[in-house]
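Please find the structures below.
Look at the two complexes coming up: subunit A is in both, with subunit B in one and subunit C in the other.
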Partner chain A sequence: MPPKPQNFKNPIIWFFVSLVVLWAAPLFLPTFYIYLITEILIVSLFAVSTNVLLGFTGLLSFGQVAFFGSSAYAVSLLIKGTSLPFAASFFLSVGISTLAALIIGLFCMRLRGFYFAILTLAFSQIFFVVVYKWTSLTGGDDGIVGIPKKPFLFFDINGADAYYHFVMFVVMVSLALLYLIIRSPLGEVLQAIRDNSERTEFLGLQVRNYRLASFVIAGTFGGVAGALFAPFQGIVTPELLHWSHSAEPLMISLLGGMYFFFGPIAGAVIFVFIKEWITGFTEYWMFWYGLLLMLLIMYLPGGIMGFVSEHLKRGKDDSR
Partner chain B sequence: MEFSYFIYQLIIGLSHSMLLFLIASGLTIIFGLLNIPNFAHGSLYMLGAYFTYYFLHSLPGLSFGLALVFSVLAVGIIGAILEFIPLRKIYERSHALQLLMTFSFILMIDDATKYFAGTDFLSIAIPKLMDGSFTLPGDREMPVYSIFIIACGLVVAYLLWLGLYKTRLGKLVQAGTANKEMLSALGINVPRLFTLVFILGSVLAGLGGGLAGPLKAVSVGMGETVIITIFAIVIVGGVGSLKGAFIASILVGELNTFGVVFFPSFAMAFTYILVIAVLLTKPEGLFRIK
Partner chain C sequence: MSLLEVRKVSKSFGKLQAVSELELSIDEGEVRCIIGANGAGKTTLFNLISGRIRPDSGQVVFAGEEISGMRPPQIVRKGLSRSFQVSNYFPNLSVFQNVRIAVLSRMRKSRIFYWPVSRLGPVNQRVSEILENFNLLPLAEVIADKLSHGDRRKLEISLVVAQEPRMLLLDEPTAGMNSTETESTIHLIKDLVTKLGLTLLLTEHDMKVVFSLADKITFMHYGQVVCEGPPQEIKANPDVKEIYLGGEVC
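Now for the complex of A and B:
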C-alpha cells in the first residue's frame, strides 16, 4: 500500500531557494559538475514525468522513450533543417510529443498491467524502427550529429554554463507545473485510480479519461526532457528510442521512491553519480546497478525516499 | 515469386519458427504458472549460446551435442538461482515490480557476460555431422542444420505436450496455472513446483540459445532483440498455452521471414504491428486455454 503523500511545507520558498542555489552553482563548481547537474536535471524531468504514470496513476509504461525520442529527433531536425528560431522548434517538438502521447494513449487505455506495458513498448518500438530505417530523414544508424545550441528568444545559451541555466530554468518550471498537477484535484483522482480503480469508477469518474490525461501529461513532459537533451548532447541516435532505454526512468523512479514526487529526482541524482563513480574503476557498472535495483526491490520497494520517510516517522513515534 | 523459392523460404521460416518456439514455450509455461513476465528470458537464451561456445572451446574434442547438454544444465542452474533467491520474494507483487526486477537481471547477466566473454561477436561452427546441404527443386541449397532445428522443435513440442498432459507433474502445472491456492490447499508443495517449472523454462531458453549459436552471431545484444518477439508470441498464443505458443511461433517466424523477402526495410516492425493488433482486438491471445 502506497504511503500517504506528505505535503511538504512552504513549497514556494523551497522552489525559490533551490532556484537560487542552482543558479549560483557555476560560481563555485567546475564545469565537469555543471555538465553532470545538467544531465541530472534532464534525467530528473524524464523520470518525474514517467513517474506520473508509474507512481501516481499506477500504470507501467515501457514506451516513454517514444515521446522523449520523438521530441529529441524533431528538435534536431528543426534546428538543423529549418531557419525557425529555437524557441519555436522547441515548443513544436514538445507539441509533437503531446500529439503522439494522445494518439498512442487513446489506443493503450483499454489495457492494464503487463499488457499495457507491452502495448506501449510495441508502439515505441515502431518509432524506433521508423527512425532506424528512414535513413534519408533521420540519418539511420548514424543519427543526427552536430546539433547546435541556438539562442532561445533573446538568450544566448551556447556554452556549458549558459545551457545549464537554460535547462535549469525549463526543468524547474516543468517540475513546478508537475507538482501543481499532482497536488491538484486531477492528481488526487489519479492517485485514487492507482489505489482502487473500480471504486473510483463507482464515484462516477471516467477513469479512462483521467488515465489518458495522465498519459498525455507524462508524454508532454517527457518531450520537454527530450527537446532539452538533443542540443545538450549535440547528437541523437536511434539507440535513444530503443525499448531498453525506457527502463531507465522507471528504474530511477523505483530507486528514489515512486510514491514520492521527489523520489525520481533523488533517484536521478543517485543514478548519475553511481554511473560516474562506478565507471571510474570498472566499465561494468550496469552489473552493480542491476544488483542494487534487485536488492532494492527485494528489501526496500519504497525506494530511498520510502526508507527515509519511514525512519523519520518511526523517530517521531518514538519521541512521543 | 517462383514456387520453389516460396517453398525454400517456407522451410527456412519454419526453422526460424521452431527456434522461437523453443524459447517461447519456456516463457509461456513460466508466465502461465508463476505469473511472472520474465524479461530476462532472452538473457537466458543468450547465456545458452555463450555457454555452448565456452564448452566447445574450453574442452577441445567435445561434441556439439554434449556442449549443448552442459550449457543447458548451466542455464538451468542460473534459472534455479534466480527463482530461489530474488523471484521468490516478489510472487505476490504487481507485474510492474516483477517486470522491473527481471529487467535488473538483464543488466546483471549482460554485463557479467561482457566481463567474461568480451563484446566481440563470437561464432559457433555448425557441427560436422550436419554441416552440409541438399538440393531442393529449383536448385536451392537447403542447409541440413535448418532441418535439424525443425526436427528439434517438433521433438521438444511433442515431449512438452506429453509431459504437460500425460504426467502427474504436468497435471500439477496445469492445475497450478488454473488455481494456485487450491493446489496448495490439496497439500502440493507449490513453491517447489514453481522452482522446477522455472528451471524447465530456463532450460528451454538455453536450448534455444545453444541451437541458435551456429546460425547467428553470438553477442550480448541477442537477448534483448529476441525477448520482445518472444513476448509477442506468448501474448498472441495466449499466456500459458503451449499449443498457442506453437502456432504463434510459426505465425511470427514466417511473418519475419517473408517480411524480410517482401519488405526488407520495414520487416522489423511486423512483429510489433502483430502484437499491437492482437492486444487491441483479443488481448487474451488467440488460443487461450482458460
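Now for the complex of A and C:
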C-alpha cells in the first residue's frame, strides 16, 4: 500500500494552472506589477534552491550568494564581452555555478554544523573579494552596467513583458525539477539525513555524498536565478556577492516555512512586497522587515506555510 | 565456520578501559547473546563491531574480511547491520518513509532523482511487506515521533531487517517494552532467524529473552569475556551467578 499515489497528480494540475495564470498576468496587470512578479519569481527560485539545503538536508549555508553572484557575473561578462548567443551564455553561466558548487562543496562537506556554515561564508567572501578587486574584468566597485536582454534562441525577450515570460518559463521549469527531486528517492534520503544523519549511515548510505549532491543542486539552481537576475536588472555590482546577501534566501525560507517546498515561494512574495511597500516611506526597510521576521519566528515557528497547514488540518479534524 | 571474529580488541575512553583484549567468535546461523551488568562494555563492543567507533587495537573480521577501520555504510554493505538501544529513527518522516529509506538503500535505488519515490512499485511493496510483518501497517502514515515506545522499538528493528543483512546486531531489542510487546518481539526475532537464516548477536537484560533465544551466551564483565557457553551451562556457572544473575533465575 504505497501512500497516496494521487499525491503527484495534484501538483501537475497546479503547475499548469499557475503557468496559465502567470502567462496571462500581463493582460490584466500594469507593468509595475509585472516587474515585481519577475523579481518575486527570481527570488523564489533562489530561496527554494537554498531551502533544498536548509529545510530538506538540514544544512545551513551562508554561501549561496556565491553561486547566484558568480552566475550573474558570468552571464553579464559573456553577454557583453563575447558574441555568444544568450542561450549559450546562460547555460555556460549555470554550468560555472554547478562547478563552483562542486568544488566548494567538496571542501565544505568535511565539516558539519557551525563550522560548515562558517566555511561557506568564507568561500562566498572570497568570491566577493575577487569580484571587488579584479577591476579590469569585473569593473570592481562600479560593477557591470548596461547588460542587454539578447534574444534567447528564437525568442525576443527584450521588454518587460517578454522578459517576464522568459523568467516565468525558466523559473517554473526549475521549480518543477526541484519539486521532482524533493519527491524522488534522493529527496527522501536528504530528509532522512536532515532528521538523523547517523542513522542514515547505519542504513548503508554515504551521507557525505548525498550532502554534496544537495549542495550542487542548490548551487546550480541558485545559478539559474543569478543568470536570470543580471539581464533583468541590467546591472551587477559586488554587493550582489556580499555574504549578507546570503541571509536573504534563508530569511525568506524561515518566513515562508522551511519544511515546505512552497514555503520559500510564499516567503518571497511577502518579502518582495514588503520591501517595495516599506521602501516607499523609509529607506530603513530592513529594520522593519527584521522586526516582522522576529515576531513571525517567535509566534509562527513553522512559517506561513506551517501556520496554514496547521489550520487546514484543524479544519479537517473539526469537520469530521 | 565463524562469520564474525573479534580478535584482541581494546578500547579505552580516557582512563576507562571499556573493552580490553576481547575475543569473540560467532558461527554462521548462530544466535549469541551477550549479558553483563551496565558498564560491562556491551554497547561499546557493538559500537566497535559496527564501525561507530574505532578500536585502539585488535581486529574485527567479518566473513573473512577485516572491517575494523571501515565506515558504517561500508560495513552495512558487507551485510552486517545493527539496531540501537535508544530508538534511532527519522522523527519527522512517516513510519512508511522510515522503512522506505532502508529499502531504498538495500535495493540501491536511493540515488534516483528523476522519478517520484511514491511511484517506485517494488520498493513500496517491499516496505508494505515489512510493515505487515511487524504489525506496523496500520501506522504507516503516522509520523515516527508520534509512535508509542513499543512501536518505536518495532520500527527500530524493522529498519535493520529491511536491509536484509547476513548478520544482525540487536542492542537490547526489548528495552522498555511491556510483557506482551516483549513476547511478540521475541517471536518475531525467532521467526526472522529461522526464515532468513540470520546470524544474530544481541545484548539483553531480560533473562527470559536471553534464555529463550540464545544458542550460546557470552558473559562480559569490565570489558572482558568471563565465560561463554550454552544457556544451561552459563546459568549454572558460579561466577555468573555471583556477579550478575544473583537470585534472579536460580
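In this section, the second predicted complex is superposed on the first by the 311 of 320 C-alpha atoms of A that agree within 3 Å, B and C clash if a C-alpha of one lies under 4 Å from a C-alpha of the other, contacts with A are read in each partner's own complex, and residues count from 1 in each chain.
The working rule: a residue touches a chain if its C-beta (ideal position, glycine included) is under 8 Å from a C-beta of that chain, and two chains touch if they have at least 3 such contacts.
Everything numeric here is computed off the predicted structure, so don't read it as measured data.
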Contacts of A:L312 with subunit B and subunit C, given as first, second, both or neither: neither
First, second, both or neither for A:L205, with subunit B first and subunit C second: second
First (subunit B), second (subunit C), both or neither touched by A:L84: neither
First, second, both or neither for A:V173, with subunit B first and subunit C second: neither
Partner chain in contact with A:L60 - subunit B first, subunit C second, else both or neither: first
Partner chain in contact with A:L153 - subunit B first, subunit C second, else both or neither: neither
Touching both subunit C and subunit B, counted on subunit A across the two superposed complexes: none
Contacting residues of subunit B [partner subunit A, same complex]: 37, 86, 89-90, 93-97, 99-101, 103-108, 110-112, 114-115, 224, 228, 231-232, 235, 265-266, 268-269, 272-273, 275-276, 279-280, 283
List of subunit A residues in touch with subunit C within their complex: 1-5, 7-8, 180-181, 183-189, 191-192, 194-196, 198-207, 210, 213, 259
Complex contacts: residues of subunit A adjacent to subunit B: 54, 60, 62, 107, 110-111, 113-115, 117-119, 121-123, 125-126, 129-130, 132-133, 243-244, 247, 250-251, 254, 284-287, 289-291, 293-294, 297-298, 301
Parts of subunit C lying in touch with subunit A, wherever the complex brings them together: 50, 52, 71-73, 76-77, 81-82, 84, 88-94, 96-97, 100-102, 104-106, 109-121, 123-125, 127-128, 137, 140-141, 159, 163
